[in-house]
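Note that subunit A is present in both complexes that follow, paired respectively with subunit B and with subunit C.
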Partner chain A sequence: MFKALFDAKTLISCSVLLALLLLLPQFLPRFYIYLFALMFAIALLATSLNLVLGFGGMYQFHHAVFYGFGAYAFALFVTKSGLPLWIGYVIAPFCSAALGLVMGLITVRLHQLYFGMLQISLGSLVWAITYRWYSFTGGDDGIHGIPLPDLVGSSTGAYYFNLIVVVTCLLLMYMIVNSPFGRIFQGIRDNPERCQAVGVNVQKQQLTGQVLAAFFAGVAGTLFVTVEGSVFPDLMFWTLSLEILIMCLLGGWFIFLGPALGAAIIISLRTFAGIYTEYWTLILGIVLMLLIFFLPEGVLGLFLKKADPAAKREG
Partner chain B sequence: MLHVESIVKSFDGFLAVNGATLKVEKGDVVAVIGPNGAGKTTLFNLISGQLPPTAGNIWFKDENIAGLASHRVCRKGISRSYQVVNIFHRLTVFENVQVAVLSHHRKTFNIFKPAKIMAVKETRKTLDSVGLLDKAEMISGTLSHGDQKVLEIGIALGNRPELLILDEPTAGMSPEETAVTLRLMQRLSGDMGLTILFCEHDMGMVFSIANQIMVMQHGGTIIQGSPDEVRSNQLVREAYLGGADECSV
Partner chain C sequence: MEFSATVTFSALMQQVLVGLSRTTILFIVASGLSLVLGVLRIPNVAHGSLYMTGAFVTYTVATLFGQSTLGFWLALIVAPLVVALLSFIAERGLFCHLYEREHMMLLLFTFAFSLVIGDLVKLVWGSDYRSLVAPVFLQGSFSISGFPFPRYNLFLLVIGPLVAAGLWFLTNKTKIGKIARAAAVDREMVGAIGINVSWVFAAVFVIGCYLAGLGGALVAPTQNITQGMDHAIIIEAFLIVIIGGLGNIWGALLGALIFGLTDSIGILLWPQFAIVFPYVAVVTVLLFRPQGLLKSTW
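Our next item is the complex of A and B:
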């Protein structure tokens, strides 16, 4: 089964990358360890969006709401329940998945732009409730100083914890993309009408995809809390959804690891360009324009094409 | 096997199909012919569940399937191809057919087994039967138009249908490609015993392969009968064939 999923080249390059990432904290200052740990969480978030966007063709315009919901579910669990921490890590993604199910039941009846617009509306509703419900969610202040044990709470702890969780989740998502479900999902992306005609219940398939993507976004949410120790309503605001959408496009949304690379680029850009100017989004805008004109397959798409001109597909 | 009874489809008052009837027996090759706008494609869309009928019944193996969603109709054993190429452009030729095979085996919600090693034999067999095995690994969007039309049929066969509906299978094809498709249809009907329902503008092709022909005009059925009956029918000559020349093929 393993052989059917990875060829030798992919396996070697991924192992080298993983080994590098495992060693990195030995050499990096604390700030960079923190930055990488955050990057892992956002990379997972972008990849989970791409599960439905690049591989399912769904206009998932408000993916951040599942991320923020997972983060809040985890934060509230830790601060209010008094139960062991690991239960929170398990429950929070399922809360996001449940939200994905409820919103999906309403939205998958619509197609493309209409699906996207309805999702933005419903997602904004969740955001507004979170923003105003001071007694429960802390309102626009959010929840800060969430107590975490050193094992995951320290910057090195968070780094390794996030790395392990993200690698596991990426592996699971890679399996999903390459499973019969993933194959059919890509069929729906290319041609939903035809997929329906070969006996696929397209709406049910899309709903399942939505729940899975929401689940992994929820995992990413818990990882964010692990790094930052706080939650705030911006985590489920629509501008963040737009940002992760750009990450997918930038990295390459038909390639599995494309969005993760896009996430790394944007976070680096925000961090380093942000030192010099608060208008770093201006640079992002220019990058985006160049991207649309010159790199429609994204950065990783270009890289893979250069590395192997015969390579013509994702995975 | 299939019995369409006085089926009606109205689009905001415009009757695209108006009381058409059609009978297909097991093993038949039935052609539906008629001038442009006669309602042939709409009729096929009604049978395969793409559109719900306004009135009328569609009996398939003694079950009324009128108004069923297309994926349910497909699971009853009816597969179709389209007039305009309608494939999965970014997937390989192999994956295009595999989607249908996986769907046929109800594996659409299997999320952890690699699709690469599933239904390989069956998919390759289907590709072989339509002559696309040597192009299995090509991205389907890069195929020639003729090959894409053949792939259309390949995808429809992936569901192991009992009734295969082909909407103008040779539209836009060169004479050579048309001849290949004709031979393919003969093989599907002869060797594999498939029941085929198709519509086509190429009268040479219709009269050389169909054993039943249904003629449509203004959304209704003029006649259904053997090629000889249709050829000699006065109404058909007046309405569609426009004289003895065209139907003397």
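Our next item is the complex of A and C:
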């Protein structure tokens, strides 16, 4: 099966990368281990957005709400239920997927900008409730100091746990993209009218994509809690959604691993530029403007084009 | 989490008046956004940042004159013009090269622009909040059926219709307004009959951003001027534009009314979740009329 999905070159480079990441914690100081673990979570989040954005052509303006919802579902499960931890890890993504289903049922009837704006208003509704419901969600403070066992709570534990989960999820998503569903999805992106004409139920496919993307965003949310041990309403705020959109754009949204690279770049930029200046968003803004002017296919897009001029856009 | 059962009539009237003055600010900001969205098709996320800039410039100009009455009027005139100038430079320098890009790119580009403005504002004014007092004759409050009603809010209630009338005049009675409306429907046709569409777009963009600055200037004496006020307003303005109908100025007015009133009356009904009411209203409207209440120009 893997032979059908990957060519030899990709398989080798991905294995080397994975081996490197597995060895990395032996050499790195603790802060970098934490940073990488966070990066894995955000990389998964960006890739899950790209599932509907880059491969489905949907204007997913408020993806962060699924991420935050998953994180909150997990945090509330851990702090309030008293049931084993792993159940929380399983349930939280399904909560996000359920939210994706409900919001999707309402939003997929609309196109493009209207779809995106309705999604933002529904998402803001979820955010507003979370922000104000002090007795349940902790309101604008959020929930801090979520107790996790050392197996996943320690920095090395979180690193390996996140790495394994993210690699699994990326493989799953890669298989989804290359499945018949994924092909139809990309067909809808390129020409929705024609897909409709040949008998594809466009809205149903988009709804399915929406639920899948929400599910993986929920997984990313649980991973964030694993790293940080806390949740707060900003996880669902719309500015975060635009930040993830930027990650996809930066890495290149026609390439599967582009958004993950974009996430790594943004997280590093924020961390290291943040050490020297409090105006790191100024740098980000300027970089992004230059990018849109000169590099609309993203960093990885440019790189792949340089490496292989005949490469197709889908990579 | 309890509904206050004793909502008196005068308390309700007072909240309606407060809601209406909030509506004025929302309408002024949202109509500018709607203009830009309707004619140029740019979902300008930086609109909120320009609003914030307007508020900070108002503070600075008014403070230069010791927050006197003269200073206030001067600030009310100067601040929106500063914002308009800034947007003119941005339009000619950046945006006019990007009109052909897809909406997603434009959205992200304006978001980048808003990040830059946000940090520039932080550079110039620092991260502390500022506050500005209204001029003496607008301080204090009237008594309306036994309840105090701030004079400044009444002032806003006068300004709102004036701006609406001005916008109506601009779009319906002036040449540039008519050209802009035509360009919103079919920009190639307008270009084909020999009109420089690029400059029409520049003018519309500047007018839209002027309105953002005006909104910021007007809101300055009513609240703390802080970092983050851009994020708060822009999402509201976008939702107002969407429920009103893209590019429709009366839609913006209707949307602002819905948003402002549900917010202020929500405070009366259920203070803890007042913030939720406008979003519920928006979702309800979009469920039944996904393209907005009034006809959009798209």
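In this text, the second predicted complex is superposed on the first by the 313 of 315 C-alpha atoms of A that agree within 3 Å, B and C clash if a C-alpha of one lies under 4 Å from a C-alpha of the other, contacts with A are read in each partner's own complex, and residues count from 1 in each chain.
The criterion applied here is as follows: a contact is a pair of C-beta atoms (placed from the backbone, for glycine too) under 8 Å apart; a residue touches a chain by one contact, two chains touch by 3 or more.
Note that the structure is predicted; figures quoted are calculated from it, not measured.
Chemist: Does subunit B (first) or subunit C (second) touch A:H144, or do both, or does neither?
Modeler: neither
Chemist: Regarding the shared-chain residue A:M289, is it in contact with subunit B (first), subunit C (second), both, or neither?
Modeler: second
Chemist: Have a look at where A:K80 lands relative to subunit B and subunit C in the superposition and call it first, second, both or neither.
Modeler: neither
Chemist: Where does A:L242 make contact in the superposed view: on subunit B (first), on subunit C (second), on both, or on neither?
Modeler: second
Chemist: Using the touch definition from the top, say if A:K9 reaches subunit B (first), subunit C (second), both or neither.
Modeler: Neither partner.
Chemist: Check the residue A:L122 against both partner chains and state whether it touches subunit B (first), subunit C (second), both, or neither.
Modeler: second
Chemist: Pick one for A:T281: touches subunit B only (first), subunit C only (second), both, or neither.
Modeler: Second partner only.
Chemist: Show me the residue ranges of subunit B that touch subunit A in the complex, using the header's touch definition.
Modeler: Residue positions touching the partner: 48, 50, 69-71, 74-75, 79-80, 82, 86-92, 95-96, 98-100, 102-104, 107-118, 139, 155-156, 158-159.
Chemist: Give the list of subunit C residues in touch with subunit A in this complex.
Modeler: 1, 43, 45, 94, 97-98, 101, 103-105, 107-109, 111-116, 118-120, 122-123, 231, 235, 238-239, 242, 246, 272-273, 275-276, 279-280, 282-283, 286-287, 290-291
Chemist: In their shared complex, at which residues does subunit A touch subunit B?
Modeler: Residues 1, 4-5, 175-176, 178-184, 186-187, 189-191, 193-202, 205, 208, 212, 254, 312-313 of subunit A touch subunit B in their complex.
Chemist: Touching subunit C in the complex: which residues of subunit A?
Modeler: Per the stated touch rule, the residues are 59, 61, 106, 109-110, 112-114, 117-118, 120-122, 124-125, 128-129, 131-135, 237-239, 242, 245-246, 249, 278-279, 281-282, 284-286, 288-289, 292-293, 296.
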